[in-house]
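Listed below are the structures to be examined.
The same chain A turns up in both complexes below, where it pairs with chain B and then with chain C.
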Partner chain A sequence: MTQSTINQICKLLEPFNTERKALTAETDISADLNIDSVAVMDFVMEVEDHFDIEIPLNVVSETRSIGDLAAVVEARTKKVLLP
Partner chain B sequence: MSIRATKLNAEAAARELIRTPRANRDLAQKLGGFNTIAEGLDYAAQGVTGFNFYSAKGSLQHVLTYAELRLSALSTARKLVSAGLKRGDRVAVIAETGPEFMAVFFGCQYAGLVPCPMPYTMYIGGKDAYIERVTGMLKAAAACAVITSTDLEGHIRSGAAGAGVEKILTHEALQALPQSLIKLEAFGPNDVAYIQYSSGSTSDPKGVLITQSAIMANTQGILRDGLRVTPKDRAFSWLPLYHDMGLVGFCLSPMMGQVTVDYISTPSFARRPALWLRLMSENKSTVSYSPSFGYDLAARRINGEAVTLDLSNWRAAGIGGDMVRADVLKHFGDTLSVAGFDHKAFMPSYGMAESTLAVSFSDVSKPIRIDTIDKAAYKNSGRAVPASTSQALDAVRSFVVCGKILPGHEIVVRDESGLALKDREIGHIFVRGPSLMSGYYHNSSATDAVIAADGYLATGDMGYMLDGEIVITGRAKDLILHNGRNIWPQDIEWAAERVEPLKSGDVAAFAVEGEDGDDDVVVLVQCRATSAADIEKLRREVSAVVHHSAGVECAVVLVPPKSLPFTSSGKLSRAGAKQKYVSGEFVEVAARDLLADAPEFLAAAQ
Partner chain C sequence: MIDLFDKHKGIEGRFARMLTLGVNALGLTNDRVISPTRAMINGRETILAGTNNYMGITLDADCIKAGQDAMAEFGTGTTGSRIANGSYALHVQLEAELAKFLKRKHCIVFTTGYQANLGMMSGLAGPKDTIFLDSDSHSSIYDGCTLSGAKLVRFRHNDAGDLDKRMARSEGEEGGRLVVIEGIYSMLGDRAPLRDFVELKKKHGFQLLSDEAHSFGVLGPNGRGLADEAGLEDDVDFVVGTFSKSVGAVGGFGAGNHPMFETLRYAMRPYMFTASSSPASVATSIAAVRKLAAEPERRAKLRANSARLFEGFKALGLDMGCDVASPVVAVKCADEISTITMWNALIEAGVYVNIALPPGTPNKLCLLRCSVSAAHDFDDIDRIIALFGRVVIAKAAA
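Showing the complex of A and B:
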């Protein structure tokens, strides 16, 4: 997982980070940032739109940290790029 | 996307999907009055109306006329029998919004099987809590089989293993089964219809058992008396089908009235709230429901798009599922007035799964009525005394009037001793009538706790009567309402108590009214940790489990050991803890306070 993906996710997450916490790959998205479930869905949509991927709900439920999400994004963007 | 989904999309494109029309031309509209769900579908299937499913991006994905639904339900019924299910068996089905769920739910009706719609997971990091919830529900329903999508199969297998349920079928696997040739025997008028799991905590889920006669009574009341449906109506819904407002309000009721429904899934709405309004505009929809928070979300997200929409056909904008908030409705109405939205469309209503869905509707043709009362009298004497216009804003409380009870049903407000109260006297709300559940499935003690010998259901809500209409002021039970969802404080406490080194009785969860009138969740945790790092670690871990299990933002407040109040019988007193918190009696544990404890700490270490 590259720093570039993490940086892009952090940028998308910034508007939801109302408590201005420092964001790292280890940050637990809902718990550390105190974001409620509806706002999290909204953020997931931003990620989907930005990377032009779809993240099914079962995958969302297994994703906790920014690093987890970056790994999901990279796995899915790679799939799209394959011939 | 699965191969099957890709194939379906390709087929849809090839067929050039056309949404179902608003009404039937050659079939008279009947607003209920059937004996069973299957009978209602047999009638609707003679027309051309039905369900339309839109994708997360707003394109039409599946069209399912009631005629097609009936055929797919009949063949699914035969496949459920082939799967080895016997009459009366409970069939859990994950209620994802789409034709697959519909086929199973209605298939069960024709096969005499009891469908139990179950939730899916929507939360980031929510997997473990979801599996636990599934296990609890499957156990409580004594489910004989679970039907799921391929996406959720892994989670469901884990959940089913904990409940000892062995028959797990994906929709594909079910549909691949042969059709049994036995004569199908649909549910009769005196049979059950389904079990609804929107009641009870994760640790103690309660299945609301709804009979065919209850669903007939309630859907007829909704169509004929509440919404006063006509052939000009077209419904729209993003509500989850595992919830009573989604299932009864926007699947069973429209079907019983041969009304067309356009759907987006709940996650699609959560991701793009404005899509709700855009598709309603495109479809010239007339009826749609949401808890207050949905109106709030949509109004905040519509931005400049409002002016491009036409919501002038929307005549019944129902509100239910949480405390109706007049400020939110006003903001929505003001924002969307450029789209032709009429404030008069707002329709506050009151209901609960234990009464199938609906209890009361305000008059669909009239504007909402707000009752503003004196706050001091409300708090001190339990009376809703009208406020005078000269009173300051912080001396009054405003409540939205939620309408008259459905015909054939009764409502009464009683005091603590059970005495019926008069208009404007605040007490406990009780309802009685043909829409009531027959009880919680296999849980007679829980049933007896809410339905008395006189047939009245204790709703757990507080309120008062006003000129024959009901006003809800709050609730007697500890339930937390957040974004239209019921959250049981026990679930939060239960999850948090598993964080090391917490024990049972170390956590109290409750709601306090936030500035916006919605519930704010507070979690008090008894903290024995002494170092700043341990204290912060505990706070972080509790916050994490609460998010993952309940999906709700919360204030985690660490309090000293032995500071939470208990009742004389040794149970945690949530009300006591809340009162102590609100009055500022708790001293929050912080690293700086440790200095004071240092001598004791050093003594203990020696």
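Showing the complex of A and C:
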């Protein structure tokens, strides 16, 4: 998991981080940032479009921290690049 | 020990704050029902403008008689599932009459509208399939999707181009694909652009389900919903609906023409593992569906009332939920506290509307949501407009 992926995710998360909390790989997207379930899904949609990948809701429900999401993004980006 | 209720402390705090602003908006009681559009609430006669009682049919004399007769003949409840002892002649009759009304070969009736979506999503899609659902879908669709175990992909609201892009990302995967849209979306009152989705179907080849909960009985020359209005019924594979709105009872249905449709009865847990609808509810539904077919003037009245409320609100300069008139007329408000304050002022002035707050709404919106009835008269509609003018415009100016 690279810092670049985490940085990109943090940038996408900014509009949803209305309480302007500090973001790290360990930040729990829903609990720490006080973001409701619908906003989390909206945020993940932005992540999907930014990286041009698919992150099904089933995967979202198992993803808690920014680091978890970065790992999902990298696994799915690689899959896209492979022939 | 971790107390299981710890996770609900946020809800508790939010609820307590609401009570400091007025009455419990989530626990309001109709102490007496006067008519489809009037009830006694907190000792005051109140105009009901948030009931989803689109046809105003709940106190129809023929429907009540049908329910009373059925209860006397078949009893208070069925005490069992449709696949055991709970199938009565009435259930079979309702399914047959609904299929005829909908011009579909098959129809299955559920005990609630919520279960209709739970059953249809989980019966149609399984773990190897993918469901593409509109981001503004009702919770019953989300819950049904979860129950199915299918892969779930959410697309941007009413955006067939966005769905196209998401379908392309999963091209070549095994399993079937189900796309779920709604005739009228419950919170903002807008309709799915059905033609766009039908076009996309030709490109990608998927099966399409339309939830007509708010549009069944309401839209289209025959009251069959959005697909009827758009003239695209042959392109919609499955239709879901509810009896708790235009039909004025409780229950729901799924319908379609697929030759294997009936096998869903043995594949839908929300159909199999619950008691069937009570005889009275089924009988009132039969009577009400007949009225939807025989009395198109109810739809015309509803349309006229909806347009009057929508245009009246627009003339006040309110921030509307969408740009077309439908029986769901929503007004966007600034924030949660002002929305609760305005809702209380409306209740005190004698009009009940729905309050809708995130996460129950799309895009973090705070809404005062009206639903119009064919039983309203123009005086009711004008009074609702005047009260919104007094309360909402005054609040915005404050």
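Criterion: the second predicted complex is superposed on the first by the 83 of 83 C-alpha atoms of A that agree within 3 Å, B and C clash if a C-alpha of one lies under 4 Å from a C-alpha of the other, contacts with A are read in each partner's own complex, and residues count from 1 in each chain.
The rule we apply is simple: contacts are C-beta pairs under 8 Å (C-beta built on N, C-alpha and C of every residue); 3 or more make two chains touch, one makes a residue touch a chain.
Every value quoted in this text rests on a predicted model; they were computed, and no experiment measured them.
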{"item": "Partner chain(s) touched by A:A25 [first = chain B, second = chain C, both, neither]", "value": "neither"}
{"item": "Which superposed partner A:M41 touches (first chain B, second chain C, both, neither)", "value": "both"}
{"item": "Touched partner set for A:R64, first chain B, second chain C, both or neither", "value": "first"}
{"item": "Partner chain(s) touched by A:P56 [first = chain B, second = chain C, both, neither]", "value": "both"}
{"item": "Partner chain in contact with A:C10 - chain B first, chain C second, else both or neither", "value": "neither"}
{"item": "Chain B versus chain C, judged by how many residues of chain A each one touches", "value": "B"}
{"item": "Common ground on chain A, meaning residues reached by chain C in one complex and by chain B in the other", "value": "34, 36-38, 41-42, 45, 48, 54, 56-58"}
{"item": "Residue ranges of chain B touching chain A (in the complex, touch as defined)", "value": "1, 120-127, 130, 151-152, 154-155, 267, 270-272, 293, 297, 482-483, 540, 543-548, 551-554"}
{"item": "List of chain C residues in touch with chain A within their complex", "value": "10, 130, 135, 145, 151-154, 156, 166, 169-170, 358-359, 361-364"}
{"item": "Contacting residues of chain A [partner chain B, same complex]", "value": "28-32, 34-38, 40-42, 44-45, 48, 54, 56-58, 60-64"}
{"item": "Of all residues in chain A, those that touch chain C in their complex", "value": "34, 36-39, 41-42, 45, 48, 52-54, 56-58"}
